[in-house]
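Two complexes, one shared chain (chain A), two partners (chain B, chain C).
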Partner chain A sequence: MEMLDLAGWHPIAASSDLPTRHVFHGQLLGREFAVWRADDGFVNVWENRCLHRGVRLSLGLNDGRELRCLYHGWRYSSRSAGCTYIPAHPADAPARTICNRTYDAVEAAGMVWSSVAPEAEFALPEVLAGADPLVLRPVPVNAAPGVALALAEGLLPDARAIGAASVSFAEAGLVVFVQPLDAHRCVLRGVLLAQPDDRMAALRYHDGVLCGLRDRIEASGEVAPPPLEVGFQPVDAALAEMPARARSGPKAELRVQVARKWDAAQDVAGFQLRAVRGVLPAFQPGAHIDVHLPNGMSRQYSITNAPGESDYTIGVKRDAAGRGGSVCLHGDVREGDVLAISAPRNNFPLRRDSEKVLLIAGGIGITPMLAMAQALQVQGIPYALHVFARSEAHVPFADRLAGLAVTRHLGLDAAGTGAVLGDILSGYAFSHHVYVCGPAPMLTATREIAAGAGWPEEAVHFEYFANPEVIDDSTSFEIALARSAMTLQVPAGRSILEVLQENGVDVPSSCEQGACGTCVCGVLEGEPEHQDVYLSAAERAANDQIMTCVSRARSARLVLDI
Partner chain B sequence: MKLYDFELHAECYAARLMLSLLGVTYQTEAVDFYPEAAHLAPEFRAINPLGRLPLLEDGTLRFGTVQGILSYLAAAYDPTGHWAPDTAVLRGEVAGWMAVAGELAATAGQARLIETMFADGDAEAARAGAEALLRVIDQHLWFGEVEGRDWLCSATHPTIADIACFPHVVLSEDGGISRQDYPAIRRWIDRVKRLEGFTVMSGVFPTSSAL
Partner chain C sequence: MMAQPCTDTVMLEHWHPVVSLDELRGAGRCRTVLLDRPVEIVRAAGGARVLCDSAPVQTLVQYGYVWASFGTAPAPLFPFPEFDEADRRFVVTGVFGVQVSAGRAIENFLDMGHFPYVHTGILGEEPHTEVKEYDVEISQSRDEILATRCRFYQPKAAVSSDEGADVEYIYRVPHPNCSVLYKSSPVDETRLDAIYIFVQPMGQEKIRAHTGMCIIDDASTDLDIRSFQQTIFGQDKPILENQYPRRLPLDPRAETPIRADKSAIAYRRWLAAKGLGWGVIPAGA
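And then the complex of A and B:
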């Protein structure tokens, strides 16, 4: 039963089976596949099962960059197969661990090849090397692959077995691959090694030959064996159980190479980051990565890419008065350099159930807005992107803006900006949402104007680059950790986060200045003194969560849910 | 215009789909095909002696078969003449594929009625008959793609033959017939779903937009 060897590479589809925005229903050795080509040409071979309710993804919708399950609309990104959006949780970012099983795929000689458990890289069968083949119509057969192969060998006198699952007929210039769908079903995939003079006649003639072969195989009376028993790939343990808390501090689990560095605008460098090995994890619009720099710093940058793109593109504004991160990236990091980055994290998720979305970007704050605008564009949700900048030369990524619904507001002072924001934010209606990213004064102004224009707080989403507040860390208080059964003292000059980490309590953190929301912790008792810019006013007033990196306690004691 | 209709009936869906593609407004009157078998009751036979759904009423005119309904609608309400083209070749092709649609109703359609509405009959035999037809249709559509033809007939646009065959094919899984072995049929289904005015029914979903 060499044909049922899981390590073998087999053709599973013809290239012509994957036209634009189609999902092909494939199978190999009992494993069902959803096979689809993204608009950029990338061929995805995925386990044919939505991680949510197990519905076949071959019923799903290929939107060119993502595959959407027909049942509850979960969206999965091309390449990584990571989940990017769950409609039932429109305000939340799906966990990074929700990622479908992918199979290797190679497109060669007019066919897509895959393997269930490859032990070696794909190698084109020698007989096809250098050929300009004509792929015949695939002919499915209800018979065991081994039976089909044996009868195929009797098709013409000069049959010669090549590999474990194919027969070559040198005289006719014909090769027949037997794709084992299952123990009892297969597909005859014929290839003519050279382009014939009369293509249609050759296709018709050989289709007749293969159909005749199919009829003989099916009439041979061999009893087909029962189907293979295939266990589903168990879901990631982190999905099935409560995830373990991440190790303290910013993590840098990915290695990327700077594929391209360019001037994306005045004082803004664009960096295109490519995986050193494998495929980068899926990102969602609004997500950011931590970039670890040669000077030892770690900085957060938003991903600007459209759904389904393979590399991460970030924009870095040079800030000579800053703490040195942007200067290092501008000056020291060059094309070809390898950087350590974290997996994307999304503290700024984009709802896709809005009737209209306003995106407001100030300066380099355009970076998450670009990712959002491109996702909304692909999905056909009405949106308007407003870009505020000093001049056209200061608008980053002008190439990505082409084709988007963008309005530029150039060279405005604070009063002018406020007037334009007043116009943009007039006319709130139910199910409208506004997302804003930019310098702190602009964010503050936008939030005030939106509140004045009747926008409810939950419809106004914002992301600060940095916390403009001066942090008061002069207080001292006690924290009780409800889950860890510890009571600790937080002295003046130390943050809750530092005290937790020093005592071996793992809390993920990122910006450590109250802007990114990574180190959030539940509060069970006591009154926090909020000093972050991540929580909204209502979230602050609820007093049930705290940013442990900057916020402190008004009460003598806080009981934390950790 | 009034359509005597049962929501889950494949041929009623063909009539609704044609009306929707033509942009014709109409009323429906529900006839309880299952479980009441109201289409066989004397009251309904008084309107359609064949005791069949769908039935289309346009003024004083009545059409009591899906073939009749599609042919009439295309001739009366399609000013482009695309849906029921009148060249000799296309007339022959349309009539031929309308006949295949009838065979699909008797096989794939019957398997679905047996599995989902407890109709009498041999489901295995119905499925075997359907698979034989689907093999031929898949081959026809595959060669069509190679020759630059997207539809069942040789016109550059769909015809009533596509609409007559579509419901039985797209609902085949209700009758236990997978379409995995018919990739060219699966692509044709996407093309039908992308027609302007396409409409869905229970078990028939929209697809993504083309580029």
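And then the complex of A and C:
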């Protein structure tokens, strides 16, 4: 028997098998696929098995951007196949490495083509070049693919083999592809090279030809080989235990090209970043990336995109008085430039177990809120987005706001803003959540007004752009690392994070000013001196975690869980 | 035809349910399959007798079921004291044939995370999807898994309840293929209803799930209780039959657990430690 060719490209579905929001069960060489088309037309071909508990994803729900598993509702993003949400733990961001196995797919000539282990890019079989083909009904056959192919060649008059997996039947303009489902089963996929005049008659006639062919192949009595044994790739070792936090320093593992740069509002530049190679990892609403700039700086920007979009879009506000990151992006970075960025990291996760979500954005603080609003909109969870800005011209990404549940509050002073916030935040009820991002005074006001209106702290989620506090780094103290069994001295003028990194302890970090939450570390003993704006009052008071980039010790010694 | 009979000593040395007395009473006799062997159960003095190829098989009648074992010295069956409490109703809610391994069925029984998605509007409902922190231990005093402090929001937790509430659960897994869950009775808050699943492993990927309960409830009829449980199991069956692979993988890297799956993680480890090799995909296989 001939070896089954894992590198070959085969048709696995007709385009018409993928109507809007459907998930199709495909098969190739012993593998099962979940095949689905996103609303933007992209065709996903994934291993048909949820990474969580193995349920077939072809049972899942296609919402146009994400695929939702039927068993526990895990959501996977179109294109990257990364997991974006785990409903059992609504307050956590899923580990980035939870990502389904994907297969390459190309849609051409009315069919979807895929390959198990492609060695070359897809090339349309020459017979189909320039054709406007009519795809016939697939006819499954209980026979080895090689046997079916050889017999088809012998049984159809005027047939000749034209490729590893197809025969053509010249006279009637019929090409038959043999899709190998497994070692012992295949599908005859017939294509008419031109649209016939009488469609019904042609469909009926050729269906008869293919069914006759199937009957004769199955009657040939060739013994089919046993099915292929297909193993599954094991999941990441780190995920196999209950996943802990990812441990990685500030990395720049991705390369993106600026596909578009435009004025997203007054003083705000929009950047659309596209993968230089492959597919960008899935992001979750609230996630940010570190952008490494030509001037050597690294800055954090929230991703504004809706679920399932292929590029990352960020908004950068020009801040002439800032440290130079925004000026560099505004002035020096152009369309076509290549930038290094980190993978998305989410320290501002969106709970979706809410009955109502309030999103409050001030100025450029709209960027994470946009991603959240679009995700909630797609999922049908009630929400209201409130945008505060100086004027309409100062509202970034107005194009993305169309179709969202948005209210604009323009040109208000501090007192006016406070009054509006008071209105918005009245009427707290169980299972409501508020998210706020904007300038520090507005965040502080929102938190105070929410607390006064009866919002519990755990229902109020916030993200500062920057830490407005002046950091006092004049103290010195000792840190003991419980897991690495090391004791280190933190002198005045250096942060815990710097001391850790200098001593080879890998701690992830991003903003390095106590705003983003990436460098958090557990505290086992001692009293931290909190100087960050990430932790809530209750989290601070618990004294069991610390932002190592800015916070220090009130006690002479801290024991860290690292 | 039938697969090679199971030779796994862990499975052979356990008692397995084959039929409820309820069903046997009505039918008089019953033929079924256990561990890839055909068995026949007939009524006899003391309750029932199990035969395999006309030869007698060790038989036990307990907890409303006939149990059989092919082992040399199967340990006594786990304790289930609620069965003997006089004021409880014992209701056999049905037996369900499912194309899946026993392990997958037990995991499904232990799993709260699927309530809002699979038992929508009954045992769970969006947006209340969170599985709150709970405790799992392998009991020191006896060889069983115990999950406590499990709480989940339920829109309609039992036949007799009609509004939503956080319901508290305790799960026991005292046998590789049997589990009992306890939840606050909607009728009497101080007592716990006991709901069991006893899985009869017909083959490695084929089971009969025997379900029933011992509850404090005198308002609902047996029929109500049965229909409720039939609805629930009817929702689980298509999911179970689409888990892939069907056998329970014991390699920790085969699937992706989350904190909500603590009890399943403990269950897989416990099975692996017993050296079970049948109906599962052993680690390193």
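Everything that follows uses one rule, which is that the second predicted complex is superposed on the first by the 547 of 562 C-alpha atoms of A that agree within 3 Å, B and C clash if a C-alpha of one lies under 4 Å from a C-alpha of the other, contacts with A are read in each partner's own complex, and residues count from 1 in each chain.
The rule is simple: a residue touches a chain if its C-beta (ideal position, glycine included) is under 8 Å from a C-beta of that chain, and two chains touch if they have at least 3 such contacts.
Please read all numbers here as calculations on a predicted model, not as lab measurements.
Contacts of A:Arg137 after superposition: chain B is touched, whereas chain C is not reached. After overlaying the two complexes on the shared chain, residue contacts for A:Leu59 are found with chain B and with chain C alike. Once chain A of one complex is fitted onto chain A of the other, the partner contacts of A:Leu70 extend to both chain B and chain C.
Residue contacts after overlaying the shared chain place A:Arg204 against chain B, while chain C stays out of touching range.
Set against each other, chain B and chain C touch different numbers of residues in chain A, with C touching more.
Of the two partner chains, chain C is the only one touched by A:Ile381; chain B is not. By the touch criterion stated above, A:Gly322 is placed in contact with neither chain B nor chain C.
In the superposed pair of complexes, A:His25 makes contact with chain B only, with no contact to chain C. In the superposition on chain A, contact of A:Ile86 is made with chain C only, not with chain B.
In the superposition on chain A, A:Glu355 makes contact with chain C only, while chain B stays out of contact range. On chain A, the patch touched by chain B and the patch touched by chain C overlap at residues 59, 70. By the touch criterion given at the top, residues 107, 111-114, 116-118, 126-131, 238-239, 242-245, 249, 251-262, 265 of chain C touch chain A in their complex.
Within the complex formed with chain B, the chain A residues making contact are 13, 16-17, 19-22, 24-25, 27, 39, 59, 61-64, 68, 70, 137-138, 140, 200, 203-204, 207, 211, 380.
Partner chain A is touched in their complex by these residues of chain B: 139, 142-143, 145-147, 179-181, 183, 186-187, 190, 205-211. Those residues of chain A that touch chain C in the shared complex are 32, 48-49, 51-56, 59, 70-73, 86-91, 98, 232, 234-237, 239-243, 352-355, 381, 431.
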